[in-house]
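What follows is chain A paired twice: with chain B in the first complex and chain C in the second.
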Partner chain A sequence: AAGLCPARALLARPGAALRALCGSVRGLAAGPEMHFGFQTVTEAERREKIYQVFESVAKKYDVMNDSMTLGIHRVWKDILVRKMNPSPGTLLLDVAGGTGDIAFRFINYVRSVRERQLQRKLRHHQNLSWQEIAESYQEDKSKSLGDSQVVVCDINKEMLKVGKQKAQHLGYTEGLSWVLGNAEELPFDDDKFDVYTIAFGIRNVTRIDLALQEAYRVLKPGGRFLCLEFSHVSNPLLSSLYDLYSFQVIPVLGEVIAGDWKSYQYLVESIRRFPPQEELKAMIEDAGFLKVDYQNLNSGIVAIHSGFKL
Partner chain B sequence: MLRGGTAVLRRAASGGGHGQGQGPAQPLEPSLLRFLVCPLSKRPLRYEEATNELINEELGIAYPIIDGIPNMIPEAARTTQKKPPAEGSKEPEQ
Partner chain C sequence: GRTCVSRSEPRARDGHSEEEEEEEEAEEGCYQLYPGHIPTSPLQKALLAAGSAVMALYDPYRHDMVAVLGETTGCLALPNLRDKMKHHPEGYRILQERPRIRLSTLDMTRLRGLPDGTLGREYVRFLEDNKVSPDTRMPPKFVDDEELAYVIQRYREVHDMMHTLLGMPTNMLGEVVVKWFEAVQTGLPMCVLGAAFGPIHLSARKLQVLATELIPWAIRSGLNASCILNVYYEQRWEQSVESLREEIGIFPPP
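Moving on to the complex of A and B:
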């Protein structure tokens, strides 16, 4: 993995940092040293620093996402929800869902599925009795989402605040709730959710293994785990261009748009430090998930990992 | 705020009930109580309307609800003074 990024060679410090670099994240007993981007920090420091990163970027989060990815992050998120293909009545837990991008897409999706369902029902039931028609009025009014629900859980107050404001601004009121919580220690009961998503969040979790175990715990049997995250590009040419863009352009954008070079430097570094596709797949399997698979988007710049609790 | 032009205001069909008040004592979304448990013990919580908190009686801790969002981070919980927790509370006093 070290060979992928020339900048890493320049920034790497000898000794402990290199060991941490090469060590498998899976096997990493939470020793005193962890990585924060390319720095070496203690576990407590890492949590603190990550919290501060998102506290700082919260208000500009969406704008930065659009600028850095040229709007493509919207497509990635659309693909995630389409892959999920939720039916009305689905209970979704969106972890690290801060500003609500996945939650809103989920609501839109089930709403349109629900509308189509109702239209189909109408077409096939032209000869309803008056009794049935009266009943249908009562039913439909309360079920525009068909009992679907999404709980957005994030550890960062600022991100949730932005998300809640966005929801109000866009008119999302029903089927949506917000919880301040830690992915490694979820405040939810066992076997509750149909789907668990974590989009561009798991990279910032300090103990990924714990987060995966918690994901497994709160999912219903038959439930699905979906993770959308930056991953590794194997194509060497593309990889070099990607590195160039990441290290030369993104922090500059961060400074110009959000006035925050360091946070975006962290972002770029954290992507490089994150386990590649196969390794993350193994970690997900370790948590007990079955039929674990991944789908590369844009040659591996982003990947969607999926697993089932069976 | 939101880029991408036309913010289509989609009003929920059933005029979603709960008030969007600005006050700090925004009530908790009732459906959440179905799922929420104490992150430490994973045991059920009691919603205390008076203080707008979620109480874990066993451990003697209370999670605050701010702006309608429950704060379920153990470090943010306060110990309830009513009875000393049986197992010894892990929570630092706020």
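Moving on to the complex of A and C:
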């Protein structure tokens, strides 16, 4: 940060002297105190505020993601699904899956794996009669996904609505379910899913420990937990540039594109508040997951954490 | 009001983020000068000005972008306007009393009952003909001075008066004419840009009328007229539009 001193005048907000006079306001709010970006709020207030943020950004969510990350968020999500490497027949739960990015990628991946499987099967079937080959097409047609399924769960109705519209628009009809639910209290039974993903969602959960416990609960033994989230950049030069971009450019993009400065200010603040890689790893282990590890993408701007229920 | 950030936040992540709180973002909630105020750094204002200009051109229905452009580029023109108001008896009163033109403060039935040709009657007619309401004006967000925020707010609310006094409807053509008038009157860069680039969306025929008759008239009136923010419109509903035009110095519309 020292290197930013000459540029400080350009970046400093007016009235810095007032800062010294400001204390924290501990109101009569009941309940434990938590952070909402850099504000201090109660747990209930935080949930409400976050709900409102996503309600207001839902329609412009995808456009904003592309603008803020210059399209790189697509690569991050591709890497997540490739790391998952799902085989046909996998049952995926995508929590905070809102607009469906992970779900659609999952379906595409499984479909292409299935196609390759079918091609391989065909080559082995060359000694069958032409009638038997034609019959085998019929049964395979109904299984283009091979029984794979993805359940998209989100707490926010607006985000789910946008996701469903997108699915219809892009032609995703089978293997998809949309469920309204809270990551801290999932409406699913124990030991149900093969894979649990949460992409850019866990940061907005009020009680991360509960969400991790729920993830553990609904996964089958042998199931995998995958979390894609903004994390901490240790390289100081990159970190300064990243901060500059985050705090100076992103809220402006929010105002210009979505007409909503405050939600994107919240976004960049919530990223700074989120636990860094090692701490999140410890939290995941606390929930009971084993073989927990993480992979940094773009020097830690984003990290994928993975764990298994064994 | 918004809560301020506590430096001794028990849940603060690590030294890294706390340091940042102190440097840049901690001020966020701390000096909101007026409700809706968002403090911004000079770099952010520059980015906002550029972004809103592009967006306003790209999508003319983004009135919020026009508003943001006005706020971020008005740093010279707004103090100028404020001083003009301060040095004029009526303008000074407006600055002290801070009247707001809103449906809740206007007595629409009384105004509608006034004789034709009066400011009140014609203003209501303008609102009804064009199906607009004074309540749709954006409150300022990025002006870092509370008094200047009121000045720009007043300018926005008086805009409809301009339409009435100039006799211009709210279609693209009418808006451009009013912008030319306002550009000369206020010197706000947003008005200048709007006046210069607004005609882009107009047909050739309209452009001709604009260039030959309307713009020269708007400029002459703007130059001749006294500062439009120095008129206490709310106290002049009974005055006839013609006499008010003469008083201010606006020439009759072509």
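Note that the second predicted complex is superposed on the first by the 270 of 310 C-alpha atoms of A that agree within 3 Å, B and C clash if a C-alpha of one lies under 4 Å from a C-alpha of the other, contacts with A are read in each partner's own complex, and residues count from 1 in each chain.
Criterion: contacts are C-beta pairs under 8 Å (C-beta built on N, C-alpha and C of every residue); 3 or more make two chains touch, one makes a residue touch a chain.
Owing to the predicted nature of the structure, the values given are computational and were not obtained by experimental measurement.
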Chain B versus chain C as contact partner of A:249, first or second or both or neither: second
Partner chain(s) touched by A:62 [first = chain B, second = chain C, both, neither]: first
First (chain B), second (chain C), both or neither touched by A:160: first
Contacts of A:265 with chain B and chain C, given as first, second, both or neither: second
Partner, of chain C and chain B, that touches more residues belonging to chain A: C
Which superposed partner A:177 touches (first chain B, second chain C, both, neither): first
First (chain B), second (chain C), both or neither touched by A:273: second
Touched partner set for A:169, first chain B, second chain C, both or neither: first
Partner chain(s) touched by A:187 [first = chain B, second = chain C, both, neither]: first
Residues of chain A at both interfaces, chain B in one complex, chain C in the other: none
Residues of chain A defined as touching chain C within the complex: 1, 9-16, 18-19, 22-27, 33-35, 38-41, 232, 243, 247-249, 251-253, 255-257, 259, 261-262, 265, 269, 272-276
Complex contacts: residues of chain A adjacent to chain B: 62-63, 66, 141-142, 144, 149, 151, 155, 157, 160-161, 164, 166, 168-174, 177-182, 185-190, 192-193
In the complex with chain A, residue positions of chain C that touch it: 1-11, 13-14, 16-17, 19-21, 23-31, 38-44, 47-48, 51-52, 54-55, 62, 64-65, 68, 141, 144
In the complex, chain B residues that touch chain A: 1-4, 7-14, 16, 18, 20, 29, 31-32, 34-40, 42, 44, 63, 67-74, 76
